Structure formats: C-alpha cells, structure tokens
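Have a look at the structure below before the remarks.
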Amino acid sequence: MRKISIETGVTRHAEGSCLIKVGDTHVLCTATLEERVPPFIKGTGLGWVTAEYGMLPRATNTRMRREAAAGKQGGRTVEIQRLIGRALRAGVDRVALGERQITIDCDVLQADGGTRCASITGGWVALRLAVDKLMKAGSVISDPLTDHVAAVSCGIYAGQPVLDLDYPEDSEAGVDGNFILTGAGHLVEVQMSAEGSVFSRTQMNTLLDLAEKGVGELVAAQKAATR
Amino acid sequence: MRKISIETGVTRHAEGSCLIKVGDTHVLCTATLEERVPPFIKGTGLGWVTAEYGMLPRATNTRMRREAAAGKQGGRTVEIQRLIGRALRAGVDRVALGERQITIDCDVLQADGGTRCASITGGWVALRLAVDKLMKAGSVISDPLTDHVAAVSCGIYAGQPVLDLDYPEDSEAGVDGNFILTGAGHLVEVQMSAEGSVFSRTQMNTLLDLAEKGVGELVAAQKAATR
Amino acid sequence: MRKISIETGVTRHAEGSCLIKVGDTHVLCTATLEERVPPFIKGTGLGWVTAEYGMLPRATNTRMRREAAAGKQGGRTVEIQRLIGRALRAGVDRVALGERQITIDCDVLQADGGTRCASITGGWVALRLAVDKLMKAGSVISDPLTDHVAAVSCGIYAGQPVLDLDYPEDSEAGVDGNFILTGAGHLVEVQMSAEGSVFSRTQMNTLLDLAEKGVGELVAAQKAATR
Amino acid sequence: MRKISIETGVTRHAEGSCLIKVGDTHVLCTATLEERVPPFIKGTGLGWVTAEYGMLPRATNTRMRREAAAGKQGGRTVEIQRLIGRALRAGVDRVALGERQITIDCDVLQADGGTRCASITGGWVALRLAVDKLMKAGSVISDPLTDHVAAVSCGIYAGQPVLDLDYPEDSEAGVDGNFILTGAGHLVEVQMSAEGSVFSRTQMNTLLDLAEKGVGELVAAQKAATR
Amino acid sequence: MRKISIETGVTRHAEGSCLIKVGDTHVLCTATLEERVPPFIKGTGLGWVTAEYGMLPRATNTRMRREAAAGKQGGRTVEIQRLIGRALRAGVDRVALGERQITIDCDVLQADGGTRCASITGGWVALRLAVDKLMKAGSVISDPLTDHVAAVSCGIYAGQPVLDLDYPEDSEAGVDGNFILTGAGHLVEVQMSAEGSVFSRTQMNTLLDLAEKGVGELVAAQKAATR
Amino acid sequence: MRKISIETGVTRHAEGSCLIKVGDTHVLCTATLEERVPPFIKGTGLGWVTAEYGMLPRATNTRMRREAAAGKQGGRTVEIQRLIGRALRAGVDRVALGERQITIDCDVLQADGGTRCASITGGWVALRLAVDKLMKAGSVISDPLTDHVAAVSCGIYAGQPVLDLDYPEDSEAGVDGNFILTGAGHLVEVQMSAEGSVFSRTQMNTLLDLAEKGVGELVAAQKAATR
C-alpha cells in the first residue's frame, strides 16, 4: 500500500473538501450541498448523492486533451463518475438525508494509477464533512451516512498479486480489479477484468483478501481525517 | 435461465451476424471486418476487436430518446460498449488475427434485462462467423479465437440468488452482477454492485456458482449456432 | 415490384409495430403513443404524428458510422424523417386524434434501396395498429386515419422506367422519384430529381403511372397485414 | 410573379456574387472557387458544385435562434442546402469543370417565402460569374455550365393555383411545390407536398404549367444580370 | 478615417436596422425587441441589451467555414459578441428600459478590418431606432439611451500610429487597440494589445487621441442617420 | 495588493509547474512542451506558446456546471485563455524557441477574483521553468524568453481606485481593468471596461499607475520563485 495522506478543508467555498494523496496520485474532492434534487426523485422525500470526475490535462505523463475543449466527456470519465456516485450512495441512508442533493467533484491534479479508487476514498471524506455541517445545523436528525466507503485496486502484475497498483503496474497488469468496501468490511462493488487474458476464482479470492487489508488502512486514514 | 435462441446469417451485408434472443431480450449482432487498425496499433502487427452498442428507441417499455437525435451516446451506452469490446478481446489472439479490425455492432431490438450479457454472447457468435470467413479465405493461418466468451447476469432478488435476471427482477435486485467467462470456465470480467446496499463474499460466491452454470448453457448455444 | 412482406406485432412494448420487407430492404417500424403534444400545438385540441428514422451501422454493404457516436444525425437522415412524418400526417384527421402524439420510429435493419418508401408504408401499419388500440380503448370516437398512405420509388434506369428501384438501380438511375399516395390514389407528396441530368413531363407522367400501380400493391399488403 | 431584381458583384472577395430580390425575399449569393475537391471524387478528374444556406436571425418576422449559437444546422436548413447543390449540379458538366470545387453560399437577409427558390436562381448567377472568371483565365476550355437553372414555388392557396407564393400564402397553402427547371424548360427537380391534405394529377399539371411560365421570367432575369 | 455610410430601415421585419459601411467593411445590424428578459434578471425591473455577431462565410478573402456547420461559434466570435453587448449596455439606463430585452444582431456581409467596431457603431443605430419605436408607442417614458456609443480601432502600423485600420494594416500592426467611447467622449472600453511586441504609455495616449477624433466622426454619422 | 505565493514543481509530470496564490485565488499552472507546432506555422521555423484555462466546478462560491459535462467551453473561458496565450507570447522570441510548442494549462482550484491575472503571472513561471529545461538540454541556444510577463487587475470600487480586486470588489466595481506588463514595465495588453458606466482618461491613468506598482511586486515574486 502506498503512502496515504488526506488533508481536509482545502477550499474555502465547498461544504466539504479534501486533497487525498495515495502515493503520487493526488485528487481534490469537494462536496456541494444543494436543497434540491433531480427531477426523477422530486417529491419522494429521498436525497441524492452524485459524483463528477475530471483530470487536469497535464495530470498525466503525456498531456491529454481537455475534455471541455473536446466538447464531451470521454467514455472512461463517464464510467468512472458513475462508479463513484454508485459507491458513495451505498453508504447513504437516503431517507435520513431528506430531499437534498450532494455532488462530489473529484478532480485529479496528478495521476499515478488508482485515481478512481482515490476519488471514492477522498470523496467519502468530503461527503462526511458536508453531512457533518448539515447535522450541526440541525437540518438532519439521524446521521445519513451508514458507514465508511473506500476503494482500492489490486491486480496480478508479473505473475504476483499486488495491492494498490501504481500506473506502471496498472498498465502492465494482466488482471486488475477495483474493490469497494464499507468500514465494516462488506462489499459494495467489485470489478475485475482481464485485458487479453483470463483469471481464476482462486486469483479472485487472493485479490479480495488483499483488498480487505488495503481498505482497512484507507478507512483508518478517513477516520483520522474526519475525527 | 431463460430460453436462448441464436439465429445466424440474419443480414446479407455483414461478414458475420446473428439475432440472439434470451427470453424477451433480442439483440441483432453484426461483425464488420476491415483491413485497417486504429492509429494506436498501426504497424504493430496486432489486430483489434471493438464493439458498439445501441438500443432502438422503443426497445423498452417507455420510448427513450434516440441517442443520434440527442447528439451523444449516454453514459450507460458508452460503459456497455467498452465492456463488450474488452470481453471479446479476452478470447482473441491478436497476433494471429494480424493487422485488421473487427467491429461488433450490438443493437437491441427488444429489451427485457440482460442486454449487455446477450450482446457479448451474441457478439461472440458474429465474431466467430467473421473469423471463419477469414480462415476460409486463407487470410489467417491459425485460429485467432482462443475460446468462447459468454456472459450472464445474476443477482439477489427478494432475498434469493437468481440466474439471468429479467427486467423486473433486475430493476429491483439489491445486488446484481455481470459475469463473463470463457468456454473453459475461466473468468474474463466480474462486475458486482449493490445499489444502496452491500453484499458478502459468500453471496458473491453463490452468484459465481450460478453464473458458471448459466454460461455453460450459453456456450452450448453458441456451439450449436456456429457448428 | 419486389416481394413485399409485412409482419405485425414484432415487439412487445410498442403500441403498434411491424417488420416490413420490400425485397432485401427490411425496416422495423414502431408506434409510440403519448398523451402529450409538442409545445407548438398545446391547447389547440389537435394531435400530432411525427417520425424518426435510423439505419443500423451495418445495414449497408459498407459499415456506416453510427450517428449517435458521430454526435449528430446526418442531413440525409433528417430529410427522410421529416418526409415520413409529413407523409403520414396527410392521412390523419388531427382533430379526431385529439391532443396526443404518435411517434413512428423506422429503423432499417438491412438496406437495399427504397428505405424511405418502405418506412412510410410500414410506418403507416404501425400507426394503424396504435390507433386501433386507441379506438378499442374508447379514447377516440371516430377513426383519426382518413386513408392508407404508402410510398414507392421509381426511376429511369438504363433508359427504361423502373418501378421500385433496388440499391444498384437507385445508385445509377439518372432520374429517380419518390411517390407517396393514399389508398384512394390521391397524391400526398412527389419528389423527383435528376442527379446531373434532366427529365421531361412525359417521363414524369410515365413514372407516376408506375407509382400508382406499385402503391396499389403496397396498400393491398397493408390491408392484409392490418385486417 | 413578384418583382425580380438581381444585382451582381455585391462583395469584393467572392469569385461570383449577387443579391437577388424576389419581392421581399432577399438572398445574398456568393460563389467560392477552390482548386481542390472533396475526398470522394479526388483523382476522378470531375469537379464538384455544392451549396450552403443560412438565414440571418432576424430575416424573419420573429427572430430565430442563430444556428451557430444553437450548435447545429436545423433539419430545414440541411434539406434546403442539399436541394440547392443538387439543383445547380444538374446544369454543370463536371468533366468540363475539371477537378475543382465551387461552393455557393446563399444567405437570406430578408425572408418572405420562396427563399430556397430564390437561392437556386441567385446561386446560379453567382456560379455563372465564377465560371466566367475561370474561362477568362483559360483554366477551363469548354463552358462547364450546360444551361440555366432556376426555381419557383407554386401552390394551391384558398382553392386557387398561385405562382410564386409569398410567406402568408405559403404558410396557409394546403399544397405547395418547388419546381426547378433549366433554361430549355427541362425539369431538374419537382417537390410537391400536401401538409395534412392531398392533391390530384390535374392540380399537379396546373402548377407545373404555372412554374414553367415563372421560370421563364427568372431565366430572363438571369440572362439580363449576367450578359 | 475611411468613408462612413449608415443606411437605416434595411429590413422590414426588425424593430430597428441599418447597414453600416466603414470603407469596405459592411455590417448589417438589426435590433429585436422582446417583452421578456433572461432568467437572471427576471423580476428585477431591469432591462437587458445583448448582442450576437456573425460573418457570412465569404465575407473574407478566403472562405471561412460556416460556424453553424462547424457546430459552434469560434472563440473570436464569442469574444466579439460579448464586447458588443457590454459596450452598448454602457449607454443604456436599464431601469428606464424596463423589463424587456433588445438583441442586436451584427452580421458582417463584407470584411476589411474593424468589423467589431463597425458592429458597435451600427448596432447603436439599430438600438436607437428600436428604442424610438418603444418611446413612440409610449411603452417607456424617459429615454433609456443615455448617450451615443461608438467604436474605432487604432494601431501602430509600420511604426506610425494609424486610425481605423483596414485588414492589411490590422494584420501587420504590432500593436492595435479598440476604443469605445460615448458621444460625450467618455471611455466605455479600451482594449490594446501587442501580438509578440510591447507598447508604451506614450503610444497608448497617441492612439487614444486618434480614437477620440475618429469616434467624433462616427457619432456625427450616427446622428445624421437617426435624426 | 493581496499576499502572493508561488510554489514551483508541484506536479511531477509537467515540464514546468507552479501553484500561484494571490490572496484566496489559487491557480495550478503547468507547461507542456511538445516537439510539434500547429499546422498554420509548420515549416516556418517559429515556435508557439498557447494556453488553456479552466475552473474546477466548486472553485467558486456556488458550484458551476462542469464545462466538459456541458459540452463546450463558455464564452468567458474562451476569452480568458486567448488572453493568456497572447500575453505570454508577447515575452517570447519565437525564432529562438524554434519549431516547438509550449501549452500552458491554468486551472483554478479556488477563485476569489483576478483568476486571469493570476493565470498569466503563474503561467509565465511554468513557461520559464519549461524553457529552462530546454536550455539545460541544449535544445535552444539563446533564451527564448525576452522578459517577464505579469498581470494585475485594478478598478474603481466605491469611488476609489483599487489595486488587485478580490471577488466582492470585482463584482461591484463600476470600472475594472486588466493590465499586463513586462518586467521592464512595458505594456503588453490593457483591457478596461465599464459595465453600465463610463470612465475618464484620468481614471485610466490612475489605474495604470497602480498596475505598474502591482506588477512590480508580481515580477519580484516570479524572480524569487524561478531563481
């Protein structure tokens, strides 16, 4: 597991924010609270948590075209931000949240593999801080967050199971996976895929063991940051 | 497992084609062979297999806006077509294929849950037929397809593990997953997620057991269709 | 005239549907009924019938780029779908229909010339079936469809007038036209054009004679399908 | 027939230009000559003539949204510019033109019905002037323009056949048509349609008679302008 | 200063219009009055004046791609239309105007440098005429226009300060500026920039002196046109 | 003048980078060096410096829609990034740079007024660092940077001239300007505008005096950061 650091309160405007660093992967996460919900749940009394993801053009080794200039978000971006939103909602009691929306923006300042996992882990911290504000203000009565949510990637690299892949490992791993778990160790989402390869259930279980260990460290860091 | 039917040769233009029906989910899959590859692998000697996915506007119970009219493919579409391409490439020897590209188009004529899984299973059949043509023509020497690739969804619905979810089951399942396996039973991709819920490793293993059984039936149907 | 076949009830979701085959041109037509109208006629008591048209990427001999991926509908698509909507409205009593909208989706599964004409002829069948449902439900009192509407293309190919051009004929015809008529033989729309050529009124009348004959056969097929 | 005026040489940059006024419909037409052709005819030795069409936002009674701001050309615009290009090509010997392209831009400064017809008639004048330059420069040997091309709209308004509809007539005509003819009186394109109505062959012939008369006047105006 | 001509009432639909010619730069300016305001000022009692700018594709020496076909307005267009709107609002008492919007469309028919300045000068005339109509109709009581607004460009060309740059001067000027002033000689906006060069405060003052003189002539032309 | 801090080397991938803080305005600036130039200067031997600008969605008090999700860069963004590029090029000897391109990305992490000025000042530092690398590598012989370039905003707020406006001041200033100067105190670009107001030459000169002073401090900070 690479070195984890989570610095909170990094922007003065957002209701919650943190800069999470997992090794050389740095993601700025902000939470925006709005007293309105998307049309499809209006009037249901339920809240909504959603996420958006972006990378600065030179977060990577080679400059990527700015998506705003390209005129659309790429497929990878869309896939990732849907994942972040889904993951965070797994730890939210939407009845307790009430009819309001929290948008988590995850912007990668520097990338070295595992940006989607860092976004989920850091995004949860921003979410926690925004919900704390809501609770302090008395806007919600019982805590809408049911548990921590954190994520780590694992893969088979050079024949060996590896926890928390950095970019060079990730780009050469035959099999890699993203594992999202709660603080209590329950599974929220598992994505394992092999690019031009296959894997066995044994390998899958080995990676899951690693992931449980890694998420434990991440949750500890979340606790330290939001204590 | 719902009733499976795979009818091949359904369009006269494509190099390979089939209409796959898994219950009330009907997907038209075509394979287009081109003697050119995308820029990022030009000159490497490697081939490429990619996929595109679409749904007719009234494939669903309520008419959806035509993506061409909306001016972009939605996030769900992009996510699915990336998955189909990745899955099929897991069964392809890209050196044996040589510098040519095969595009699999999966268009859903009628939807009742599991369209991405049916697209992968049917897409493999279209791919097989196009590759057969290449081999008959002597354009490739050894078979570029290393094994079957097929996919099935499973989930926890009303507290019970269910194989091959239809739309009503899928939309109410707390946990659902897509499992892509080879003919030999190796794993290619596993995606499990819980919308507003969590799951255990035991549940995961139960669903994997079901998936292995379901994919066995799908592979048998692929064999019958391409014999 | 090529062989005509119209199979109804081909999708379980749409209010009306058919798969029309005119030779090797196959178009899936669905009718979607909505109890709302576009803003420009809200409150007028009038109904609306509109159409959308698409081609699967490999409906043609060479794969065409998917319009949803390209980010817009091409000029040819827009032109055709406007034509289909206009043609079908010519056979509709919009007062009798009442303030509701019927959208006809025409998706070409396989193309061999005359796709816009097949779309109109098949689109009318889907419309008829959807309106039948409305009438059975007692939602409309008098039949909003005043007559059949069907279309055929004719052209001058190799110096000879030809009815119902297939793709090879169409692409080499100096003069070609699309003729839309009602069941009673009245004209709804006539489009004749010469690509890099000209034509006389005599030629125009010869083609119209052919078209009247062809539409007669199409209307008979519509009647058989909707009886 | 409304009053026709064609003023040539109205912009100093274009190879050919005119401002055509048909009653209160005013269209600025320019011809741009380029020594290159679109990819699909490269190397064939053939030339190409194409057209683009636009309306200033306040060319109409109510301001329309600027298409550049809306981010795309509307269906009507696309339909019209395809028609203009097709019509003008009917009068061009593409072998004589040689591998070069002429783009006709038709921009409506003020609209009062019949803008597509005025664009064709004025566009031909701009084309003639640009071709004259080519001939004077000795770049082409024989005249690539085989004849005049001009267009007029006719319709049934208040039960009466009317030549050259203005906007109030056009918007209430049950049947209207656009007729494109050559100087010799041959037909190039005929488009007749009935919005929510039908028409007979007799009515069609009456409108064609009117159109022949109208185009005669337009061709005379073209001759006077380009003498 | 190049020859200035302002012809008013050039389109029959717009509430105010003029064709301004500054040398070979010709811009058609129209004012559209609407009894509604943008959402951000709804209910404030304030009016709004905004502008849009466009160039016909062949307004320039080389044909430019039509922005509507390109699918978006270029950066230069956006920059210019924001400038025009801001400039004109400087001369408007938005309380006196009341909750209504006037949109100024500036479309360049022929370009030879200084199109944004001519658009502002001509746009003010169109605005004046539209406001005159409002006043004549008694819809506003006190004149919402507080003063004339006009603009001119100046630059350092071949080492010499030059007033009202034409295109050849503009494209080679090391330093050029756009100066927007009121009839009373107050400054509204100053934009001076050096492409790959620098300038001194002395040079800046020299150009401002020239600009004051130039705007004086332009305001005189505005007065003559709107008397 | 608010507190200035410039931290260099903040991302490991870019050829040059800094995080500039001017009060509560924080901008991350990176320089990307590429051994290719845009088509319009290919083969001229000249280099190119260009810039792109963006704001994180929650850099501001109220969350703004992500431009990548909106599908285009707003007018303000386009205007600003054109300004940054132009400003930086004023300090570049493009012959000495040779045929290579440097792209400056300025991404606002937190905004409190003056983001475009901070982007220019910080962008110059990133540019300086990237050019230093080029020189160390011996790729260029003489220094392509001819001088520092830095920018500050000034305005009239509550009747008083104010240097370096923060957001509350900026949004209520009747007159505000952006002043871009070189290290030697030469002017590069001046933009002064009055929203719904006017200003005098005296006021302009007062603001210029302030700007000269402010830029002096900024250049000192640049020197300290790049020593």
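Here the chain labels run A, B, C, D, E and F in written order, and each chain numbers its own residues starting at 1.
Criterion: contacts are C-beta pairs under 8 Å (C-beta built on N, C-alpha and C of every residue); 3 or more make two chains touch, one makes a residue touch a chain.
Source: prediction; values computed, not measured.
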Any chain that touches chain F and chain A: none
Following contacts chain by chain, what is the lowest number of steps it takes to reach chain E starting at chain A? 2
Among the chains, which one keeps its Cα centre farthest from the Cα centre of chain C? F
Size of the rotation, in steps of 5 degrees, that lays the CA trace of chain A over chain D: 180
Starting from the mean Cα coordinates of chain C and chain E, work out the distance between those two points in Å. 49
Quick check: how many Å separate the C-alpha centres of chain C and chain D? 28
Based only on mean CA positions, could you tell me how far chain B sits from chain E in angstrom? 58
Note the residues in chain A that touch 2 or more other chains, in rising order. 71-72
How would you write out the ring of chains in order, opening with chain E and then chain F? E, F, A, B, C, D
Chain A partner contacts - residues on chain F that touch it in the complex: 11-14, 17, 24, 28, 30, 32, 34, 52, 54, 56-61, 63, 66-73, 77, 103, 105, 107, 109-110
Touching chain F in the complex, chain E uses residues 72, 75, 78-79, 81-82, 86, 89-90, 92, 94, 177, 182, 186-201, 204, 208
